[in-house]
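Chain nomenclature is as follows: A, B, C and D, assigned in order of appearance, with residue numbering initiated at 1 for each chain independently.
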Amino acid sequence: MALFQPRDPDYEARVRDSFGRQALMRTIGARLGRIEPGRVEIELPFRGDLTQQHGYLHAGITSTIADSAGGYAGFSLFPAGSSVLTVEFKINLTAPAAGERFLAIGQVLKPGRTLTICNLEVLAITGEQRLTVALGQQTLMCLEGRPDR
Amino acid sequence: MALFQPRDPDYEARVRDSFGRQALMRTIGARLGRIEPGRVEIELPFRGDLTQQHGYLHAGITSTIADSAGGYAGFSLFPAGSSVLTVEFKINLTAPAAGERFLAIGQVLKPGRTLTICNLEVLAITGEQRLTVALGQQTLMCLEGRPDR
Amino acid sequence: MALFQPRDPDYEARVRDSFGRQALMRTIGARLGRIEPGRVEIELPFRGDLTQQHGYLHAGITSTIADSAGGYAGFSLFPAGSSVLTVEFKINLTAPAAGERFLAIGQVLKPGRTLTICNLEVLAITGEQRLTVALGQQTLMCLEGRPDR
Amino acid sequence: MALFQPRDPDYEARVRDSFGRQALMRTIGARLGRIEPGRVEIELPFRGDLTQQHGYLHAGITSTIADSAGGYAGFSLFPAGSSVLTVEFKINLTAPAAGERFLAIGQVLKPGRTLTICNLEVLAITGEQRLTVALGQQTLMCLEGRPDR
């Protein structure tokens, strides 16, 4: 997947700062992984208190890390002084989310001045094994002149 | 919206039992509201530890209660001894999720033997005011002969 | 479903004029039905040359009339001198599209200055019988100051 | 993108036969391009009678070729004697569909016994230039023991 030229050279600091203010990420134990222009990873260790009725990671949490990864993938390409809004996303849960930890990957497919489209993927990782458990597509909006903080 | 004839008269007990085993619902403080055949509500009081970077409820948590409400709306119409799987959902975040509490409503639009389609809506409630903050559509799968517990 | 106050009193003429310039609607034999603020219907008689491999209306044509109905539902609420763009839509094909004719209903759920969210439904009609064959949700964009013609 | 092992060695003949019975494809002038296990292309020359109000290819036709490409990508991996059903799809229209011809690419992301998930992309081609005009994700169902013809 082609990477992009960021409009703000400080994109990584801007992503880290905003992620640090997402209280939910601390609550569920998620942390940022690799950050590249137009591509952001979020890691989440499995925790029993994040599960659905069969003991797998709840689809809502799978969606949460996918949405944040995509949001920050888009945000990494936005100009300084802007903020990001999820307009909508669609996600397929392709396998039971069983694993030691999870990796959400947000990848910009089509950047735009107002709207940006991202691909979302969540992998379940157990030892060396990686299994795709969710695939999605997301529409983001760039709010120019409305700084994230 | 038309309600449906449940195939299992004990649908409500089955929904409550399954919801009670979703550890995530306890973790975020969500509880079941009204349960009718093909329609389930989930309530969530606002909490600062569930927020995104601007202090609103995180879109992932909005999606979480929407997904569970839809899943149990479908499950309420499934036969005894079956379980429910979210195949996919699509959700639009239509306004910042600011409110004292949130109400997710899952409503079956089209029940089916294998696949069931639900409408998802999340309202933010502050005093008497109710504002739609999310709208979605969800595809569920009924796994017959695979009891939920 | 609540209807809306149009910002342009000539909304109906504007919808009819724009629909008249959608060459595809003539090609497939679709015509406008009822037009209300925030709600537009499109009718399509069945034709054998619009079918998929089993003789039903092709999902792409079902989607086509759903997309146009939703687009004009949103457009009916836009100000004069603007145009409409489909950002994205999601559609479930809920039953084989068998019928004498089809009715697509686009209904605004959440109007907005930039983005508008619509509900999409397509019914198959045979004699007195009406069956829902598709259900969807759509995001539209209003391009202000860029007239539709 | 990894390709797949087809369960039916005659997958290509089966795809061509089914496509040949989609009357709509003839009506709009679409033809099959490359067929590989889990990946199918459909080509469509631009025609003025397939347009929306601004003279671009109608989003419904863009969606039509995307849906068929994805459907046949999935179908190419299904066993002999089965048929394919589109459960749902979601599509973003990422740019005005202006071009001499269009190429829809359906690519299986996650094959399954009952449900298969595909990626959808539509390119507009003008001379040497290729521009992505639509991106989507689709859920297919395999109906075993119900031959396509």
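Everything below uses one rule, namely that a contact is a pair of C-beta atoms (placed from the backbone, for glycine too) under 8 Å apart; a residue touches a chain by one contact, two chains touch by 3 or more.
Bear in mind that the values here come from a model prediction, so they are computed numbers and not experimental data.
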| item | value |
| --- | --- |
| Between B-D and B-C, the pair with more C-beta contacts | B-C |
| Chain copies touching (chain C, chain D) - same or different residues, decided at half shared | same |
| Centroid spacing, where centroids are CA-atom means, of chain B and chain D in whole angstrom | 33 |
| Between chain D and chain C, distance of the C-alpha-averaged centres to the nearest whole Å | 22 |
| Centroid spacing, where centroids are CA-atom means, of chain B and chain C in whole angstrom | 28 |
| Residues of chain C engaged with two or more neighbouring chains | 87-88, 90, 92, 139 |
| Chain A residues touching chain D - in the complex, by the definition given at the top | 90, 92, 94-95, 109-110, 112, 117, 132, 135-137, 139 |
| Of chain B, residues touching chain D in the complex | 87-88, 90, 114-115, 139, 141 |
| Partner chain D, residues of chain C touching it in the complex | 18-19, 21-24, 26-27, 48-54, 58-61, 63-65, 67-68, 83, 85-93, 148-149 |
